[in-house]
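All remarks here apply to the structure that follows.
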């Protein structure tokens, strides 16, 4: 295993120290329990957005803490949901009196721990709404399973809801927006290579030189299918087809297109994917009104990409364009 | 070779198409000869900044074209300097009447091609100044060699000079600032793994699982030394020591610290490096007044990092903080 | 030693902590093909914290013991297994409040409360390739052993858990991360069922 | 065929283009350990463009031919080798202006002008592990062969270039990317010296 780390056990704590050192004007890092919060939290009268999940997906979520996006992020161990006390303490610390929205990716661990945290917070009289993001079309949706995973749409939901909360919208409206973003966002990912979890020390799966995994999540788990390696254009089709086939995209729709790198994918490759994805969207009659290209929700050192399409409306556009000032997403401020 | 590409020959052109599709409000992509320019260029009365170099270092330089940074960037083939006609046409296209500054990384190819381009531009009556960036302390500086390579400081010079040019400073002042940034910036890099040039199809060097290269450049060339893999903290020391030992850093100096990923390095690892680098800087008496953490000057899919320290002054700070609106660096706008 | 004393239960959990530390790599390896390679690390981290808590301040009764275990697991394990095992011990603790030892019948009652709580929390049923598939037959064995000597009942429960664990191999996962793999989840043993068996085996066979 | 006619020179450059296409991988491999793995691709790209230009509109005299080659290389090769070879051909063209064929003496003069220009552009001296180390002995051989038959002189120049190319192996690089490697540049043959030899060999031995 080749990583710029000191010890597997120290990865999360030391990265938090690095983030704190680098971004002290934007964020504050609290320890034991661990969470990252806006430097100016709590913001009175503003709904507070709290998210979190296993580490290893950076910049999500810690890199998205700051004005116009998250109020707090709770980092778990690598690929392991954080614990309820982290979420509970974070919720207390950032609650500005207007309640707290928990943005939860749909993984059993995240869902269960956030459930417990919400119970604890409500018991202290804090208004909590939880929205579970489950946008991964690689996973069949059924009441018999854990349901779809939460992936790329999470980043977009955090930005858009952050923009809305900044305008002092009430908790119900922010939660409603979060549900709308989730309902209108779809994602699909693929891997050229597995990632290596620090404490495991070897890749989480083996892929031959001419193979790839289609339908991966963000935890180094294998995808739905292992297939022969294809050219970028074909890979883009293989990601776009299931995304487009799933509701809710129809001709004429304005969409945000998010081409994401899994952690070890160079920018040049993401633009080659974007080029084809935009072409496919155009052929489908979609209007790409906004986009995001970069590594924002990652899986350690996995090489690969995911594509998220989000059907936009006016309010979502306004909230997307609103200023954001976080370590990893920043504009208008 | 596992890459999200269609064909080695098509990488640069298709990535340009992707960038154009993704960022049409910020940039315009011109073909044959290839260059990327600000959507609103030429800006009358503003010194135009033109840079360029081989592709494979994205987001540098194309991702830095836009308000407050570069007016044009010329992409060569992967790791190959662009040609004089690209630089000449770009210079003509963005010249707003106040002259053009060529920001050139010190590689024989870049220097020679930019020299020829400057000759061509001057022959057409365009005022051109060229500044060669040579900040890589891994390379011994001597009149008997090609001198030091231009690496991380280039990004900082483009931002700072971009900020100054936006304020309509004259060409001599912008060139002077560029020389100052170069004189006050020092970098050093390392690799955990080599990169794979698309048309070569295999890694440019082989490293055992317990080895790393110290003193690499950004073109997949091996570094100065191959040594045993070390922990992140020791690696950080090995990068910081030569940077600090070189002029011009002394106790009390305000510095900008730039921790850069080589293309396949996850953010979490960069923060672990930043943490230690900031600690070392502090112990050295330096005041880290600004920082940049991310993959901004890369070497395709190389895993590794580089650290750049830039001694700051008031004017540089003002220019650094000035708004920038490019595909890959954005704030205040 | 006919009953499960606070001492015996404390010893169990301390020994289980050592087991889980030992099994860390194994459980994590089981979690690689159908999960995210962390179950062993999660359990080892949680039970190391349990060990520290129990050593620092040994609880006076089984209820307090189980509740301490529950709260510690909830705040240190994370993932799916943290809240699930946490809920198991929390609900079990409710039935053991103030008791300094448990009869087989009482332990069976605790176990049932624990499992019911866990299943409610995880919305899981038997046959979905989770820890429930080890715990459900274990509970059935405890019930079937009602009236028999305690050690025999615990051994039966451990054996049933082992069988239940093995039975997860051919199952198609419906819950947890393994469910994302669909058909590809078949042929792998569930890590959570494996840690459940490990815990119950140690209760039946104290290292002493 | 005592002189270098425009035809012979055109044939040379077309055949060299084919050679460089063939040698692409080899030259790129030489560029890997001490450079950036692109010399073969650069040269092949440039000479493919030269071939297209020359086939589309065959120049009428050697001066125009060499100038076309120069401009094409400058605008298509990039890297260090583009401006260097470009300058070589551009300066050589200056001495061949309007000539439809070159005597050995004239070619030697062109070559010298080209090499002088190249060395000025690259600020390189012999012994620094660059193409200059193949071209310098080649020029010396041409000069030494003054008065001898043309083919003999071209063969001597090619042989000298080959020796010069091989002599780069033990050299410590002072110029170009290889210089960044310091001591580690020793033991590798310079890619630019290799492409220079390749060009001169083809001039001496037309494929016909």
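We just call them A, B, C and D in the order they show up, numbering each chain from 1.
Operating definition for what follows: contacts are C-beta pairs under 8 Å (C-beta built on N, C-alpha and C of every residue); 3 or more make two chains touch, one makes a residue touch a chain.
Quantities reported herein were computed from a predicted structural model and do not represent experimental measurements.
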Which chain lies the greatest distance away from chain A when centres are computed from Cα atoms alone? D
Chain B to chain C: how many Å between their CA centres? 55
Note: chain C sits from chain A at a C-alpha centroid distance in Å of 32
Once you draw an edge for every pair of touching chains, what topology comes out, line, ring, star, complete or other? line
State which pairs of chains touch, listing all of them. A-B, A-C, B-D
Under the touch definition given earlier, write down the residues of chain B that touch chain A in their complex. 1-7, 11, 14-19, 21-22, 55-56, 58-59, 63, 192-193, 209, 212, 229, 231-233, 235, 263-275, 278-279, 291, 293-295, 298, 300-301, 303-305, 327-328, 330-333
What residues on chain C touch chain A, complex-wise? 28, 32-38, 41-42, 45, 74-84, 86, 121-122, 173-177, 179-182, 184
Interface residues, chain B side, partner chain D - complex: 33, 54, 76-85, 107-109, 112-113, 115-116, 138-140, 144-146, 149, 197, 199-200, 204-205, 217, 219-222, 224
